[in-house]
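The structures come next, written out as structure tokens.
In the two complexes below, subunit A is the common chain; its partner is subunit B in one and subunit C in the other.
For the complex of A and B:
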């Protein structure tokens, strides 16, 4: 452990009100911590900048699942393991199941939270592409009140979010897909388990009369933020399954992304593989049985 | 009573403690008053240390600080060449970015860590030399006259005229990257220094492979005789060669801090420091030129083998030697020329890693044979069959194959195990389908020389012994260490077999240089074959002593043996017998000309791999892996199979994923998240078959197996990738998805 423990302080409020009051009193002074699976890595390496930690783990308001006929609402403290235990998640959001399974090791899945995965704002996180594909919304709460924002507008730049210093992510809400749907998730991480993604693509398409009427593609590790492949989506929506413009979509997605060379992969590899995985997704979509 | 212990899968001696969590590793040892040590490193690949500044922020008066000026003896780590300092002195040269400059110790590790960040080094930076080609081209000279740490030439006949007349000449260049050993337990060392009647007495204990290497290093560092140095090997969580030479450095650091502070000092590296600072497998570059006749018979080989040794000599001369001696592979060839050079660069010194130079040169020759076969329109399997060594053939050093290695038989067995020809047929059909997954199968044939190279064993003249204890059990006295390979168990089996006792009656004595003789380092696939043989002699000596002393009558049962030892103890006080290495008659080696018998014997193997490449992501999945090896005699089948499977897993990692990324001479991916080793999910079922040919040199006929499985996977995998993907430049490991994409694009644009 390279951090100097006496330099750090931690507070564990018992209720949401108390936590929000503390955040409001000293906005920006606190680093909220839930599962700690990202922050403790930095702490161990002596690189955790925030010195005052606000432990959210006792706040029951940030837990719990509401399963309505039209949507599923998840408390931000839900762990990957808890996600995997939810029947509704398996039934309506299979990509979320796959992304939870693809995250870290079992020990990480037991501690890490969905809210943490969002606010850590890593472009390589495994659940955001699925949340983008499902049109998620996040609820932000503060002593000033609460607001809902569309998740695809939440990430604004590398580690920059539509999140004020006094706000916490309280809930994540997902509309349940209606009608005939197609779900696709692929994480490319070199090895089969415990990998950090080099490219990640999640997609949800709605099909009516063998035409793609709705498509959302979420991408990870290919831009400063997890993002929607809006140009690629636009190329495909409204097209018949038998005539999906695969090459057009492949060209369009390169306009959507802005990958970099880093220690895990080259920008070129990410570009080619993003195009390939998108094409693979569209091939599978084109082959979807609709009768 | 007839007891057969050799050949039985007896239970691992230290297994229970490890499984139950009661085994005490060095970091579990708490000494009263112990301080925790930290290392301040150079952080600059090349330069001159001008000065050291201590910034405010910690109570410096509580912190023990050691610089090169505090060293009582010689500031060089004992080795083949004394060129690696324990600490860079002010005014001294900095040769790599992880070089220790200053040591700190405090009772609170966090304070020591904070202090480490408050030391500023004033360094005059110089441009570094960072790779093999730059070093060979003498872009800058950082060592000797031309950056060469060691050069070896092997010559048999004269290949040059053969190339001019040959039907086929094929050339190739092959590269391999550095690899981290990644033992589970990072390096830990504890040092204590006492002022005895004769002067300083130094004790170090920790995670180390070679107690007497550390012993030599402490003698030189403190300038004291051997009897005042004590080295204890504690429970070890893996090593793979990574704890062969570097523990001498850490032990020296801990002992220097202990001397200055007057308290015991523990230095425990965390994973990041361990990966960044300690030794790796040598990166390599091999050029091969080969000549064949019209039928595909190998006529001549011209091999230029180069290793990146890093900043200091360390073990590079011997790693180079083993690499050079394996460079011509398992092929008969009348005219051979091998030029082998280890070059200096401004990177942390490379060191020992399972295989020790052989995986690098064997990768090159085994990949090259495939390239040659395809170039000549032959089946790679048939080309090998035509050219493999047979009884009576000579190797590159002139070593005569006294027995037939049976290589064709090994190939037949491995191909049958993986169903090679059937896979080839099926893949030929399936790869034509519109499916992004392409499959291929490939193999490698190789050997690994057992024990030290050439005259190494004779020079070391290792000693090991057995002790009859008063309670009637037997202790094995050897400085060989247990790093997970099963030495404890195998040594006890060998002694138990020789004495006709159940294995429960034999135990290892603690590996402490005060009590156990120098049985040599725990390296080079030598423990079972060389030390095991010495123990066989020592155990025979114990039995003979009991029989001739009138304590024991043959035949006997274990109870009678117990009684005899009790009686002998009462009369003699102590009962220890020793054996010493005996050179094999008829074997000769000349270190100057590199002619003669390079190794007393070789283990032989053929490995076959089936791979699937996904052209969507360029990821490779190893779908099946078959290993067949001739290892003399298998002492413990479970442990032996574990050795093979573990080695193959490391070989697969080296071949496909494990890449040490250097930036300005420092490892940039020194974390498990970014240095990709295979998980269980990435590995196929690894089939293991042993053929037991027997060997006159090892105990019960055993040869070495520890390193063999590291040699074969990388070439077998890349040969299989060639089968899957067609004619690509598959000349480098690790063959990562990025490189496969790059090679495919290169082929498309060609």
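For the complex of A and C:
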């Protein structure tokens, strides 16, 4: 049933200070809204629990991009379309480009934000695996101050995050990969456009002297949260490109994940496909050109 | 807090004001508030694209935009594509190619196609399909729509 409008209120503070003061005065009373592509679906269906919305879209401090030699910092309001317009994103973070292109269709990419994708905290979201692969950090701000947390520690359980009711996600920061790198992104869904993933895997590896010296693998849709495949990573780091332990990594990743049966796929399907996509990634990594 | 706000928009080139609840959907503001009923509601959840309009130069699903977020915005709806009685090239092409059957998806298709042609004046088939991926059609099977869009692109080339 459609939402009853008089039950709802929305305010649009013009500055970050004002927004943080409102959140501090009544923590938990406000639901922030950015692009609205998750919230408005709930609202239209009469299933949005929060009755007072705090519109973030006019807060310029949550926009903008800082492109330093060693890292890229993105305002949380950056849309998928704006991400795709950034040269530095294409140059240093190709998996993020693929995540953005895999998200919804154009009208969703034009409105949906990176901050919203993170805080909506769907285990099936498409940017989190890439953010995990690139070792992202998120900046959380409140009237009490600001703190940076490693993104791989941000999601704590199904829709549970290291985010207090008076905090907003302000920025997302990504260290630029140095040296010779390998990037891999694969979303497995029912069809190309506008499908929710059944399994999503993003990886970044650093290669030195034909040895994998660093590897981060981010997974989506295979656990209550987007997560790193730490056991699989450990099986591979330190190994030579021509002797990657593919079967060992495939066994290890099953220990990393805890998929469920749902309408999109069975747990068994997700286990098999995660192993297969990981193996595909490692084969491509093994064949990576290093000269 | 007052129940309604006065929303000021530029719609199809004209300045319009309308009193509305700030959480009303842009879709309802256009259809009920401004009587621009070309824009349709299909799903109400961002999947079908029947409600597509341009907001500040980008295609959006107007069913997912709360009125307050559109304040001072520039909106183009399907009613804004024609110049008086003269149809726009993409509207003409839809007629010539029989790209509408029941017509329910057509306003959104036209908005998305017009936007695609502005960003990418000569799209190939894959680019048309990608540009219209958020617009569903239950009738035509899409090929006539794709043909119509590509015919405008070719005209542009000849001109």
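Rule of thumb we're sticking to: the second predicted complex is superposed on the first by the 290 of 291 C-alpha atoms of A that agree within 3 Å, B and C clash if a C-alpha of one lies under 4 Å from a C-alpha of the other, contacts with A are read in each partner's own complex, and residues count from 1 in each chain.
Please note the rule applied: contacts are C-beta pairs under 8 Å (C-beta built on N, C-alpha and C of every residue); 3 or more make two chains touch, one makes a residue touch a chain.
In this text the structure is predicted, and so the values were computed from the model without any measurement.
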In the superposed arrangement, does A:73 touch subunit B (first), subunit C (second), both or neither? neither
Please indicate which partner A:194 is in contact with in the superposed arrangement: first for subunit B, second for subunit C, both, or neither. both
Per the contact definition in the header, classify A:108: touching subunit B only (first), subunit C only (second), both, or neither. second
Of the partners subunit B and subunit C, which touch A:81 in the superposed model: first, second, both, neither? second
Which partner does A:45 contact after superposing on A: first (subunit B), second (subunit C), both, neither? both
Look at A:57 in the shared chain and tell me whether it touches subunit B only, subunit C only, both, or neither; answer first, second, both or neither. second
Is A:6 touching anything from subunit B or subunit C once the two structures are fitted on A? First, second, both or neither. both
Examine A:31 and indicate which partner it touches, taking first as subunit B and second as subunit C; both and neither are also allowed. neither
Common ground on subunit A, meaning residues reached by subunit C in one complex and by subunit B in the other: 3, 5-6, 45, 192-194
Across the complex, what residues on subunit B touch subunit A? 109-111, 113-114, 117, 270, 272, 436, 615-619, 657, 661, 668-669, 673-674, 676, 678-682, 736-738, 741
Counting only contacts in the complex, subunit C reaches subunit A at residues 1, 3, 21-25, 44-47, 49, 52, 58-61, 63-66, 68-69, 71, 112, 115, 130-131, 133-135
State the interface residues of subunit A toward subunit B in the complex, per the touch definition above. 1-6, 45-46, 188, 190-196, 199, 263-266, 268-269, 272-273, 276-277, 279-280
What does subunit A use to touch subunit C in their complex? 3, 5-6, 8-12, 33, 36-37, 40-41, 43-45, 53, 55, 57, 81, 104-108, 110-111, 192-194
